[in-house]
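Chains here go by letter, A, B, C and D, matching the order in which they are written, and residues are numbered from 1 within each.
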Amino acid sequence: MSATTTRPRGRLFFANPGPTNIPDSILKAVAHHSVDFHDADFIALYDECVAGVKRVLQTEQEVLMYTASGHGAWEASLVNLFSPGDRLLIPETGNFSESWARMAEGHGLAVTVLPNEWSRGVDIAALRAALAADTGHTIKGVGIVHNETSTGMVCPIAEVRAALDETGHPALLLTDTISSLGCLDFRMDEWGVDCAVGGSQKGLMLPTGMSFTGVSAKALAAHQSAKLGKHYFNWSVMMNRRHKGFVGTVPTSFFFGLKEALRLLEEEGLAQVFARHHRLGEAVRRCVRHWAGNDGPRLFCGAQGRESDSVTAVLMPEGFDAEAIRRTCMQRFNVSLGGGLARLNGRVFRIGHLGDLNEPMVLGTLAAVEMALAINKVPHGKGGVDAAMEYLAG
Amino acid sequence: MSATTTRPRGRLFFANPGPTNIPDSILKAVAHHSVDFHDADFIALYDECVAGVKRVLQTEQEVLMYTASGHGAWEASLVNLFSPGDRLLIPETGNFSESWARMAEGHGLAVTVLPNEWSRGVDIAALRAALAADTGHTIKGVGIVHNETSTGMVCPIAEVRAALDETGHPALLLTDTISSLGCLDFRMDEWGVDCAVGGSQKGLMLPTGMSFTGVSAKALAAHQSAKLGKHYFNWSVMMNRRHKGFVGTVPTSFFFGLKEALRLLEEEGLAQVFARHHRLGEAVRRCVRHWAGNDGPRLFCGAQGRESDSVTAVLMPEGFDAEAIRRTCMQRFNVSLGGGLARLNGRVFRIGHLGDLNEPMVLGTLAAVEMALAINKVPHGKGGVDAAMEYLAG
Amino acid sequence: MSATTTRPRGRLFFANPGPTNIPDSILKAVAHHSVDFHDADFIALYDECVAGVKRVLQTEQEVLMYTASGHGAWEASLVNLFSPGDRLLIPETGNFSESWARMAEGHGLAVTVLPNEWSRGVDIAALRAALAADTGHTIKGVGIVHNETSTGMVCPIAEVRAALDETGHPALLLTDTISSLGCLDFRMDEWGVDCAVGGSQKGLMLPTGMSFTGVSAKALAAHQSAKLGKHYFNWSVMMNRRHKGFVGTVPTSFFFGLKEALRLLEEEGLAQVFARHHRLGEAVRRCVRHWAGNDGPRLFCGAQGRESDSVTAVLMPEGFDAEAIRRTCMQRFNVSLGGGLARLNGRVFRIGHLGDLNEPMVLGTLAAVEMALAINKVPHGKGGVDAAMEYLAG
Amino acid sequence: MSATTTRPRGRLFFANPGPTNIPDSILKAVAHHSVDFHDADFIALYDECVAGVKRVLQTEQEVLMYTASGHGAWEASLVNLFSPGDRLLIPETGNFSESWARMAEGHGLAVTVLPNEWSRGVDIAALRAALAADTGHTIKGVGIVHNETSTGMVCPIAEVRAALDETGHPALLLTDTISSLGCLDFRMDEWGVDCAVGGSQKGLMLPTGMSFTGVSAKALAAHQSAKLGKHYFNWSVMMNRRHKGFVGTVPTSFFFGLKEALRLLEEEGLAQVFARHHRLGEAVRRCVRHWAGNDGPRLFCGAQGRESDSVTAVLMPEGFDAEAIRRTCMQRFNVSLGGGLARLNGRVFRIGHLGDLNEPMVLGTLAAVEMALAINKVPHGKGGVDAAMEYLAG
């Protein structure tokens, strides 16, 4: 019974921007014994889930699913829609626009990255100009990250749609909704999205391992002539199966969880889910703005109105290491923050505020961060948590 | 998908002073399929658990177990040690000393309550005087609540022992350790406790349903001549069974959980467990003292040094309803506080800070309470959470 | 990776007559985080569960609940209804009638056991005679085990009721329904039962730890003048609480499981539940009768029509040890059988067939037993499993 | 409480050949809250799991992992090793050799299928001849299904290796070990396998969703010049990540389960695991051979020594529908069998006997099938279960 550890006790505060907190009821639902995925009971569950995902995507078109993480759904969006050498326009948003571009190149596509400052996000005017300039319509697809998880910034997809419409450009519109779906309003059909990439492990509050694409009629048509090699993610193979999606074994466990996730989302109401994410996201931002003061950690997002309601990236003041904050939070307070990705590594830490979350979870997290700032002697305006509380009690 | 509820999402912050938070690993361990309690594997598990409970009680004497809540173990402590008409001295501490006294009366014992102000706790001098005055040794037992859950106050058992020793009084010493065991230092053998009543649902972080008594050799001897009617809780019946304790079916599920609870406690180390409870309890008190200011909610405990490290009772200012605070916390923030018991109903709310707990859990809870005070326009010093954070970051 | 164990893999076949198999959905429901038992949501759940238990007991009278195993509910039935020295008539049925009698004696009651051969069960005529002979109505209660788990035999409570009625005897009728409730038809109100003792761990498919009594109006009236010492199980204390039942903390976990258990029972329909128990019980009996042949293991029950549909006791031929069969089943086939209790130890093994059970579970169990008979060279008619299969396929 | 359903109760007997039974301890382990996959604790767990998978594959070379079903690992084996137009030799074994061939064609490879009767399996001599004939070494890879799940037949990989060695053919040897790994002896290094495809949901007893490839040094070298488009499954991308494998989010849940799966396998000992699969598989075959009689259902496998120890395909007599047997088993007895795939649909049902399995699970399943044969009036030798029991008790 001698002292053996200072490992923190109590529940892990998982404030990573994904995967995210999984409610107990979903964890239990996922922990389901194996069933035959051809069984009538399972097929009924499956169909119910697909219908629910369509409601969350706000689409009446097709949804195809994959046993894969979000990157697999990305891959599906590329190999099903394009042919070798096709040109794809990807406006720079951060680490995830870069990854998607690299993936496209790995499949032999010609990628044009439209450069943007990460802290400003997509320049819609520049995007419109690029489309207008492409009079020969060599751009076959535009790929946009709706909610850039690495920077905590959102891109107004409706404005992207407008740019395409105004320039009369026929390119397919692909969006990555991985860290927005089920957190922020996303309207696939209204915004004319042709392929919406989503995953299980963020707003749907499931473990990592299932992903999907909403697919428009226009995309399905384009698919017919797409020549990139494919099989595991091949929509044509899928469309011929009873379970559209899933070449190979269907990962049945996820569907028991997905049904519960949809039940939770719809019990609360999607509008309320979005409002809650906004309220909690705004609380985080009020706190960070308070910390910022003159020379404290501040919001990475430099474009008003582009702040994400599901994740906030916090930029450390010059000379201070974001990783030290993360280490203190984890080791001393059992709070797991996201780190800075790619060029932001060490400069940024990220607070995920998505999924199954409430006020004390957010405030406990912010309190841990504020203590970690003090412990690491990072200059900051004290009272950030108070600012968040004042907002949330309002 | 229309809006249907404002029910809070995210994890319940369970800040009741018991039952308490159950770690996931214990919940899963308890969810065990049925096994034969006579099976050799189970008996090995059982013996291992009993040995572990002894280490937590800091005793090398006997531990007998019951399928019952803590009140059942109370009953066991009475029916096994006394005969009809025996006199029991119970120093008043709060709701639970009163309940124990009522239970003793229900079994035909003569109870003498030694009155104390609830906010001051046991007057050790008065207790010593009462014992000294009982020259005929008509008092057969002294029953003391170690940690009075209704008031958030602790009683120094070592001083009680000293009072018995100094007066040469042979009465049996019974203690209720339900909300202290596994949270506060409790030394059954060193303090000469004859019967220590404990339950599963507090510091052992298990569901409600199993309780036990540490039983000294002196108590076992007294048991031989005790004449109160009994069977379900009869130690003699139990001592003749392979599983000492448990007249009837052994509740096997609890033992799978108890093994994990003991593993968690001993992985951390009991000394660290107590230190953590003290640190978190002190954080709560710093916060409440800050709220108190001139006319805010304040610590119910009026005796310095008697503050409990597992639960804090907060006394509302005159004219304000504690229940309103609890309602706001629950309905708006998913934070469950304890209410005031008996005469304290409506005047006090209680913050449990025991079991599987860490800093952000406590700070999230305090933040919710501080917001609820604001929402309900209860005068209070703002910055209570900051005071707690300052202490915890120190 | 060297060979280390011959421990059987795969799922334990738990063919003990209780506790019994717990369906996954109940295990998961029970593994619920702590909630405040005063919370409105919990109270609604509680009330729903009590109403459901009344439907299973087929009563519209009172149900009072205990954090205790079935023996605790037994104790409640005694201490609440009788006064010291009261006379209780307990017809002998087996180990459990004996235990109940011992418990009554431990509480100072005068018990008259009406002797019966265990393999024949209650002699209703003798019972009627004993009641008729008690012209002074000194017998205050008759305590009968509805389904004697140690012998696998059922007692026709309706005939007991008739005996009381025909003799005009006013004694309270107490029944132990622990291993029958939710398995066999039990009609508390129709049969005029005054106190029906039930537990969580058999037909309700829950873990051990919660028990209850159905209490008639006549019993509640009798309770008013009952003088046995009591508190933990005191109905008067309970009736004054919001949650009738439960002196002390309410074991909330059980109610999440109980709701699911009731849902399962009522989804299937009580009549079908009873029919399924009968079908599976009859399959076991056909198998055992086939084993019996001239000199093989045979049904312990010697009274036609008294065979229990929830448990079958199998009597070994002279010179063969029932424990050897149990050991082989457990160690080699991962099948857990019940052993012989009290005087039947070593002579009898018991096959539980209650709760969440289906044909292949029963047949897998019987196959293991038949193999164990062969392995232990116990003479038996081969083809017992075939006989069961033939019946079940019919 | 009226009768509402005849849905079978009790536990589902899941005798599909995959996914397979998941032990409770694995289900619970998988139901883990989210963690940061960059966290040091998780990385230690990850490394431990990869090392364990290597022990099961019996390799000291590389293991790379995917968030994907087994088909994803198939895809990885192709896109990482070959260039457009490369020739792949796939000996026909059944449905899964056909699927793998189709997948290869979908990626632009030239597939030569070496035809075999499904009921005879791979003709090693013909394979050797084909390799010898390929003097120009145009065959870049040989892809063999180790255990063909659709026919219940195994292919001797050591003999395939010998054919390659004897002909001095440099083709890469790819094997699908999905339904053999953790069930049958598989020796990647000893057998000179260059790419071994495995999945989570069979012998590793996990849910569907994670798969992996064992990769030889020779395969890694070949990868350097492989030109098929790829990213999600790209080994080069993976080898540059801390977690080799997993482009994108690591599916952390699986690793908590995988650790427990490895613990179970190694606690039993791999040799014992294989012996248990053989024993249970042989019991199934004895039963089926007994059913066969003159005109009953018989083993599909027509090649002695090629019978699979993890799945048995049963061929119905002419004029009888395998699906009817499956329906009766499922609807009446809660036993889920596998159906016939592709050209075997309706003619074959399959009994999975892999993973977490024991004697009563197998015997309960066989009993259900034997009853279903009787119910559907399919001619068969009665006493199949007896034959299995006799073997298992031997």
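Following the convention adopted for this analysis, a residue touches a chain if its C-beta (ideal position, glycine included) is under 8 Å from a C-beta of that chain, and two chains touch if they have at least 3 such contacts.
These numbers come from a predicted model, not from an experiment.
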**Message:** Just to be sure I understand the contacts, which chains border both subunit D and subunit C?
**Reply:** A, B
**Asked** More contacting C-beta pairs: B-C or B-D?
**Response** B-C
**Request:** Taking CA centroids for every chain, report which one is farthest away from subunit A.
**Result:** C
**Request:** Just give me the whole-number Å value for how far the CA centre of subunit B lies from that of subunit C.
**Result:** 34
**Message:** Centroid of subunit A to centroid of subunit B, CA atoms only: how many Å?
**Reply:** 45
**Request:** Return the distance between the CA-based centres of subunit B and subunit D, expressed in whole Å.
**Result:** 54
**Asked** Got the subunit C residues that touch at least 2 other chains?
**Response** 11, 21, 28, 31-33
**Request:** Mind listing the subunit D positions that touch subunit A in their complex?
**Result:** 11-12, 14, 16, 18-22, 27-28, 30-36, 38-39, 67-72, 74-75, 79, 84, 102-103, 106-108, 199, 201, 207-210, 228-232, 234, 237, 246-254, 330, 336, 338-339
**Asked** Which residues of subunit B touch subunit D in the complex?
**Response** 24, 28, 31-33
**Item:** Footprint of subunit A on subunit B - complex, ascending
**Value:** 1-11, 13, 21, 23, 55, 264, 266-272, 276, 332-335, 356-365, 367-368, 370-371, 374-375, 382-383, 385-386, 389-390, 392-393
